[in-house]
Structures are given as C-alpha cells and as structure tokens.
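The structure is given below, and queries will be raised subsequently.
Think of it as A, B and C in the order they're written, each chain with its own count starting at 1.
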Amino acid sequence: MIKITNLHKQYGELEVLKGIDLDVPKGEVLSVIGSSGSGKSTLLYCINGLEPIQKGQIIVDDIDVHASDTNLNSVRQNMGMVFQQWNSFPHLTVLENVALAPKIVSKLSKKEALEVAEKQLLHVGLGDKLTQYPSALSGGQQQRLAIARALAMEPKCMLFDEATSALDPELVGEVLDTIRLLADEGMTMICVTHEMGFAREVSDRVAFFHEGKIEEINQPEELFGSAKSKYLQKFLSKVKT
Amino acid sequence: MESASTYFSGFNINDLLYLGEAALRTLWISFWAISIGSFIGIFLGLALSISRVIAYTLGAVLDVFRSVPLIIQLVLFFNFAPIIGLRLNPFEAGLIVLIVYTSAYVANVARGGIEAVGDPMRRAARSLGMTYWQDLRYVVWPIGLRAVFPAWVGVALGVLKDSALVSILGYIELLKASQILMTRTQEAILILSIAGAFYFALSYPISYYATRLEQRWSE
Amino acid sequence: MDYNFHWRPVFKSLPDLLESALLTLEVAILSMILGILFGLALSLIRIKMTGPLKWFAVSWIELARNTPALLQLFFFGFGLGAFGIHFSPFLIVLLGLTFNNSGYLAENFRGGFNSIPETQIRASLSLGMNSFQTYTRIIIPQVLRVVYHPMTNQMVWAVLMSSLGMLVGFRELSGETQFFASKTYRIFEYFAATAIIYYVIVKIILGLSRLMASRLFKY
C-alpha cells in the first residue's frame, strides 16, 4: 500500500530524514513514536507530498508520489490526513466543512456530497452538530470533524500527525476511540503519536524514530516489551512511569 | 545643449527655493495642527472613556469631523468665521480646522489606548493608593501609549498629507506652490515628483519605523 | 452678527445636489471595486513574488500611502498631460481614487493573508484541493472577514476623498456645490447643506455595512 525506499529529506542544511525504508501493507496500522525533532511528522508530510524530498521514492497505491508527472491533488484524494492543529475551516458549518472537498474535488453533486458528509459525521459521532460552526465545538469534536472531513474523500489510507497532542487530556479519549474504530474497520493507517498506550493497543507494528532514521520497528509487544536499541530503552523509560 | 537649457528654463533654481519655502509652510501648519490637536485629542479621549453619556454625545459630535470631507470643513469654516465676526487669514482658519480634525481622530485613538489598559489594571493601581491623576500618569499613559502609538503615528501622517487641502483657502503650502508652478512652467511631472518626493521622504520612514515598533512591541 | 442666511436657493438646487451625490457614490463604488481587485493582486504579488513585479507592487502601495491623495489626483490630472494623455475629470478622480484605494487595501489584504494560519493551506491541500480552490474556497473567504471592517473604512474614505473632484473640475457633490455656491455667493449655506449630505451618506454606508456583516459572517 505504502512503500518507501531510501527516503532523504533536508531543510536547507539540516537533514531531517536520513534514509527511510518502510513498507506498510494494506490494512496495517503503523504507529510512529520518537522524541520531537526525530522526523516523524516530516515523514507524513513527505508521504502526502506536502514537502518535497531530496532522494528516494515513495509509492502509494502504485503511484510514485514525488515523480514529476504525478498529479499530487489526485494522490492526496487517496490519502486522508489529520493534523495536530485541527484546522477546521472556521467560515463553514460542520456539514459544509466535510462536504466541500467531495463537492469540488471529487465533483460529486451537492446532494451526494452532503449525504457523504452526513454519513461520515454520524460515523465519528457528530451527527447532532451538522449546522453548527466549528467555533462552537470543543477541540476533541473539531478533531473528529477533521477525521470525518478526511474520510469523506474515501481515502485508501489515513495519516495522523499527533492528532491528540494539542488536546486537553480529558478530550484525548474520544479522538482515540474514533481512530480505534477506523483500525477495527481495516483502514490502513500511519499514526505519529505520543500516546504509548494507544500505540501498544491498536497498532500492528510500531516504528521508533531516532535522529531521522527508523531505529527499531516491531510488533508492539516485542518493541515495548524487549526493546533492543538503547535509545529506545532510554526513550521508553522517559515516557513511561 | 543650448536648446535643451532654454527648453527647461521654465523651471529654475528660484522655483526650487519657492517649493522649499512652501514645504516649510506645510511642515509648519502640520506641526502645530498635530501638536495642539493631539494635546486636545488626548483630553477628549479621556472624557470619552469616563462615562457612557459623554461617549455618546461628545462621540457623536467628534464623529461629524470624521464623516465630512476635510475640504468641505475648510470651506465651511473659512466662510463661517466672518459671519460671527472673526477675521481670519487662510493660515489661521486652516490651522483651526486642522486642529479640530486632528483632535477628533486622536480622541478615538486615545480612547482606544485607555480601554487597552483595562479596568482591572486601573483598579489595581487605585487600590495601591494612587490618585486618579497618578493612575493616569504612571499606569494608563505608559501602557496605553504603547498600545496606540502606531495608530497615532498614522493619524499624524494623515494630517501631514491632508494639510495639502488647506491650499483651497489660498494658503501657499507645498501643493499649492506646485500648482502655481505647474501652471507657469508646464513642467507638471517634474514638479509633482519633487513635491511627492518631499511628502514620501517624510512619511515613509516614519510609518516604516512605526510598523517596526509595533511588531517589536507585539512580540 | 449681521449676516442674513438664505437657504431658499439651497433648497431649490437640492435635487441637483442629490443627483451629484449619486455621481459621488458612483465614483466611490467603482474605485472600490477596482481597488479591491488591484489591491488583492498587489498584496499577493508583495507576499509571493520577488523581482521587478514585487518592486512595482511595493512602489505602488507605498506611494499611494505616503503621498497626499490630492497629489495623486493632480498626477493623473496634470502630470500625465506631459505625455499627451488627458483624462476627463471623471476619469481623473476614478483613477486617482483607485490608485489610492488599491495601495491601502493591499496592505489590509496583506495583514489578512498573514492572519490565516499556514495550517489551513496544508489542510485543504491534503484534501486534494488545488491551490486555486484553496485560495477561493478557504483562504479568501476568511481574509474577507478580517479585512471587512478596514474595507468599510476605506469605502468611507473613498467617498470623502472624491470631494477632491472639485479641484480638478469634476462636478460630483462637492464640485456641484462649488458651482452653485459661486453662482449665488451663498457659499456657507451650500457647503453646510453638502456637509450634511456627506454625513448622511457616510452613516448609510456604515449602517449597510453592519447589516451586511450580520448576514455574511454567521460564525
């Protein structure tokens, strides 16, 4: 589904990703953990084509994302992305937020777009907020709105960039529940996260990033239970307990 | 060479001096209008912030000066003064109108500054035993000034540019002098460029500096 | 006070004055529409581009903001005559106001664009929207709200500035007033009536703007 080979990414002089190789098969949930600045979020931006890359290749659903003849907009339609900042569009109602892209990007009729939007909002539990504006929603609700908005494009995979780290602690649960729901439905997902418990419980595999490289990648029980890398051991001892 | 110099002889060094002198008059009338107008405006702003009744009544009066073109105000006052027996020359009449005009804008700016300080802070100051005037001097003034200084600069520069309109009363400031020279020499582009450069050289650095200051303060 | 006010001639020419007020509105509205288009383009060029085009945009913006509007009008009225370009009084005012509006609005728009977080662009791109859709559907609607109030102010300014038309022979409200005033010598009466008309126009604009805002911005 997502195949990354020898990915290098630089911001000017600063090398953020130093050769990433990663293969995410269909239906897998991969969590990415690591300290800040290790390049986790940058990886997602590169997969989504929001950031250019210097070397390597990213293939999503048989399309080379960074090839010069690739239409990024159509690639992105197959990938939903949810950001740390929830980024709801403040000038549109909840329903319009979700219906906009299906209407103008997927070219659905207005009626179809609204149906799709309503379906996805019910899916994430916001069925009673359709006509409200995002400013009336809590952070957790806005983040679920962002998930519904991405799902409305019927993506083949979802990318979550620290979707819960800007939320108040009591709102984290509802968003994680929504992501868990998607995992159960078999959605292919890459989740950059700080929630170790969530990573452990939901993921098929967990990747630990350290200084622009995948330091260790394994099934959650193995990775959390018997970490091999000393950086990972150090990281885990800091975030746990 | 010869023909070129006679062609351009329409505009000579004396004309430049004439423009320079007129520029000084622009500065002169702007300086007084901005100083006196700001002084009065601050007190008007204070009055506006004191009570709702004053804010509505005085506010409505000041609003008139911001809702009628300056040029109309100038003509109106210049022709009204003799009716009430005031003999004013163009400078005096122009200056009075500019002062009122400036103070109407500054009043709004000052009120914004006072509101920016906020009641809790002022109550805190008063609770420390400061008098009303001490509170104004040591709390409202320094904090409010910071909040609205860039806006005040905007008003002042606006008055500098608007002072060009006093020309309609016959006061020979920079733009009126330019107009006179344009008619005589037919060198409109050259003269307008000189006049424009003068305003620009004065206004641009000040507004640039004010914007910078605003950015630095907002950090 | 031995002046006798004569209001009868003013009342008699009131229909003409009101008709010329429509011309004032016409030129102000046209200059705003053009100003919004040019201002939008100038601000985007200033934000996004480098090189000569940016230099051009910055010069336009800063000249418009740092020289008197009357000088800008004179430039279109007399300055371009040097190149054999002569505009009608209506066009002189329209071009002058458009030049001025564009400069001020461009800076308002720039502030508006800067106030929209970068993440909004990322979010809409990640949904597969292209940059044109991102701008027209996501960014500009939000910018419009930020600049709505400054834009209303600029509209008021455009009305007030159009009074400069009387200095370049344009018979909008002020020009028409001057025409009647010099014909009848009732200068004060005519300009007083015109001041009231301007005041009413400005109040109507502000009222309409508030009404529209409550319809447009529900969030």
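Here is the rule we use: a contact is a pair of C-beta atoms (placed from the backbone, for glycine too) under 8 Å apart; a residue touches a chain by one contact, two chains touch by 3 or more.
The model shown is predicted, which means the values in this text are computed figures rather than measured ones.
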Intersection of contact sets, chain A vs chain C, gives none
Relative to chain B, the most remote chain by C-alpha centroid is chain A
Nearest to the mean of all protein Cα atoms is the Cα centre of chain C
Between chain A and chain C, the Cα-mean centres are separated in Å by 46
Separation of the C-alpha centres, chain A versus chain B, in whole Å, is 55
Taking each chain's centre as the mean of its CA atoms, chain B sits from chain C at a distance in Å of 20
Listed in rising order, chain A residues that touch 2 or more other chains are none
Where chain B touches two or more other chains at once, the residues are none
As the complex stands, chain B meets chain C at residues 64, 67-73, 75-76, 79-80, 82-85, 157, 161-162, 164-165, 167-168, 175, 178-179, 182, 187-189, 192, 195-196, 199-200, 203-204, 207
Chain C contacts chain B in the complex at 1, 3, 62-63, 65-71, 74-75, 78-79, 81-82, 156, 160-161, 163-164, 166-167, 174, 177, 187-188, 191-192, 194-195, 198-199, 202-203
Within their complex, chain A touches chain C through residues 48, 50, 73-74, 76-77, 79-81, 83, 85, 87, 89-91, 100-101, 104-106, 133-135, 146, 149-150, 153
Residue positions on chain C within touch of chain A in the complex are 117, 119-120, 122-130, 133, 137-138, 141-142, 145, 217-219
